[in-house]
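Chain nomenclature is as follows: A, B and C, assigned in order of appearance, with residue numbering initiated at 1 for each chain independently.
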């Protein structure tokens, strides 16, 4: 559903992404792995149009997206940052935001917000002020906010790196549910290898701005096609 | 006028409260002029300042940095100087003489507008800048347009912007130098010049305190002072209350 | 305040350079007399002493009632009142500084200057009179004693009529007042008296303002009646319509004529008798040989 071809990005003289070629298939959970600082976040931000690539093509549902089309494409996706950004308002208003700007009628908004909050286990939190939520609750709320308008594509940037194990488990549960109940395509950037084992279908390994290997989860973990991927997985697994 | 003696001060305070509670028409009219002038100036300044603060935050244009410097300088403009410049603009011999507004409330509103627009803009700008970039990006990730981002920023900065408006209003209410020069501190004649006689034309709480003190009418001055402080205090309490909700 | 006034005058000259075109535009719409029912507005710029004594409240009320006029009084020192007129922002002025008045008439800003009333300046100070001016021969002598003893003296320092008079006395006494004892505060008469009262100092006041404040202060009149230096004449004059076509000249002249009419003079003659036990000003009609330049 989403394909990038020869995508490059430089900040000044620093080349952060080098000729990335990648295809994401509808309905899959794709894990973008690699140590910190290799360009995972930048790639996600480009996919979400928050950054403009220096070079390359992006295709969404088989059609190339020009920059000026970004709003129509963006309407169909959503992205979560490592640290959730909360609107200074109630939980309800936060979750409803994507529906409000799409001009959805009030009754539908009410229904969909409740559904989304149920999915993330925050039923009954509607009236609470978002800024008073705990870290785990806030992360779950932004999941609800991101899926309330049923996006086709959900981009997750290290969604559990700041959370305790109990909350990590809850978030992974939510990711699985979103996938099974909504069929949403998910791209997750992470360096948490056990997490990748638990939730991903396919894996791409990004090292120093290069996508060195893209393969199914099974292959990556049993028979990696690249020595560097093998080293990365091993090195991480030792701890 | 022996204001150093505690007796007179106490007497003045007692008489001042009497004047307030008897709803003395002179004092009411002065309060009305203060609220009208400073309130209108604040509304007009807000209508300029908020779009300006947003333009400065969200757009890039030539001379933007110069404009920001101008606003920062404007935040500390000496009122007397602004008064003098506006006065010289609106006198019949001045470039705006045809407007025929010297010694009217309109001229006072103009002077206060010039004084507080930079203040409201500057504080609003700081409030908008304090909204994290991640909030704006969140709007985009949720499919929002640039307009949605501006609206969301306005909502996030709302307490800071309200504080800015109230700061402008407080400053306008307490200001005396500019409106004294351009307004002329005019009141309609009362009967035999007694205490609390007449009706204000361009006389505000602050300028009236100046002239009543000069006349030695301490009780009227104190009554006016009590009203002025109550007004400014309520504005500040309101600002505080709004900030604490943040 | 003195600074302000000189700035005003300076800038007014600059502005008058490009005011020419404004005036041309103005002369297009002729001043038409509004219907009798809506009161016309007359703007009077005047010195603080006429405001603070309350004379104008009585005086103007009468004029307003008889002529269906609303008078806007701008109370400022004589210097600024004249500058206000010179900028066309007033229709008529009532002031008391002969040299400034003559200059303003000479430069064409005002016409029809009329001698309206007078009183005397008084030198007031603490009752125990530390400088001993009660026995002074004349005003310059009194000022000389104050300077010699270096007792506090408060000057208005605002280019008002009183201030102009004070400075001319120092000049006549050949003294250049300076030092901590001489405080120039740039304020109106009432505030200056209050200031002097607070620090138990001397000051020069017009008789009217002093009498109006007498009950509230400790200062007393220590020296008065010096025909030469303490004479304080008040004049009214209209802003020249040839310079500012939009001023309400006809109304201004009505006001000028009212001040010197028997009715106006009678108000002046009696004002203050009930409240202060004596009149605050002497009308021109009673001046006899007390003439004014």
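In the analysis below, a contact is a pair of C-beta atoms (placed from the backbone, for glycine too) under 8 Å apart; a residue touches a chain by one contact, two chains touch by 3 or more.
Remember, predicted model here, so these are calculated numbers, not experimental data.
With centres computed from CA atoms alone, B is the chain lying nearest the middle of all the protein shown.
Taking the CA centroid of subunit B as reference, the farthest chain centroid is that of A. The geometric centre of subunit B is 32 Å away from that of subunit C, both derived from CA atoms. Subunit A and subunit C have centres, each the mean of its CA atoms, that are 80 Å apart. Centres computed as Cα averages put subunit A at a distance of 49 Å from subunit B. Against subunit A, the residues of subunit B that register as touching in their complex are 132, 134-135, 137-145, 148, 152, 155-156, 246.
Of all residues in subunit A, those touching subunit B in their complex are 48-50, 71, 74-81, 83, 85, 87-89, 97-98, 101-102, 145-146, 149, 151, 155. Touching subunit B in their complex are the following residues of subunit C: 4, 7-8, 11-12, 15-16, 18-19, 22, 25-26, 43, 48, 51-52, 54, 56-58, 60-61, 64, 70-76, 84, 86-89, 187-191, 193-194, 197-198, 212-213, 216-218, 244, 246-247.
Across the interface of their complex, subunit C is touched by residues 1-4, 84, 87-88, 91-95, 97-98, 100, 102-103, 184-193, 197-198, 201-202, 211, 213-216, 218 of subunit B.
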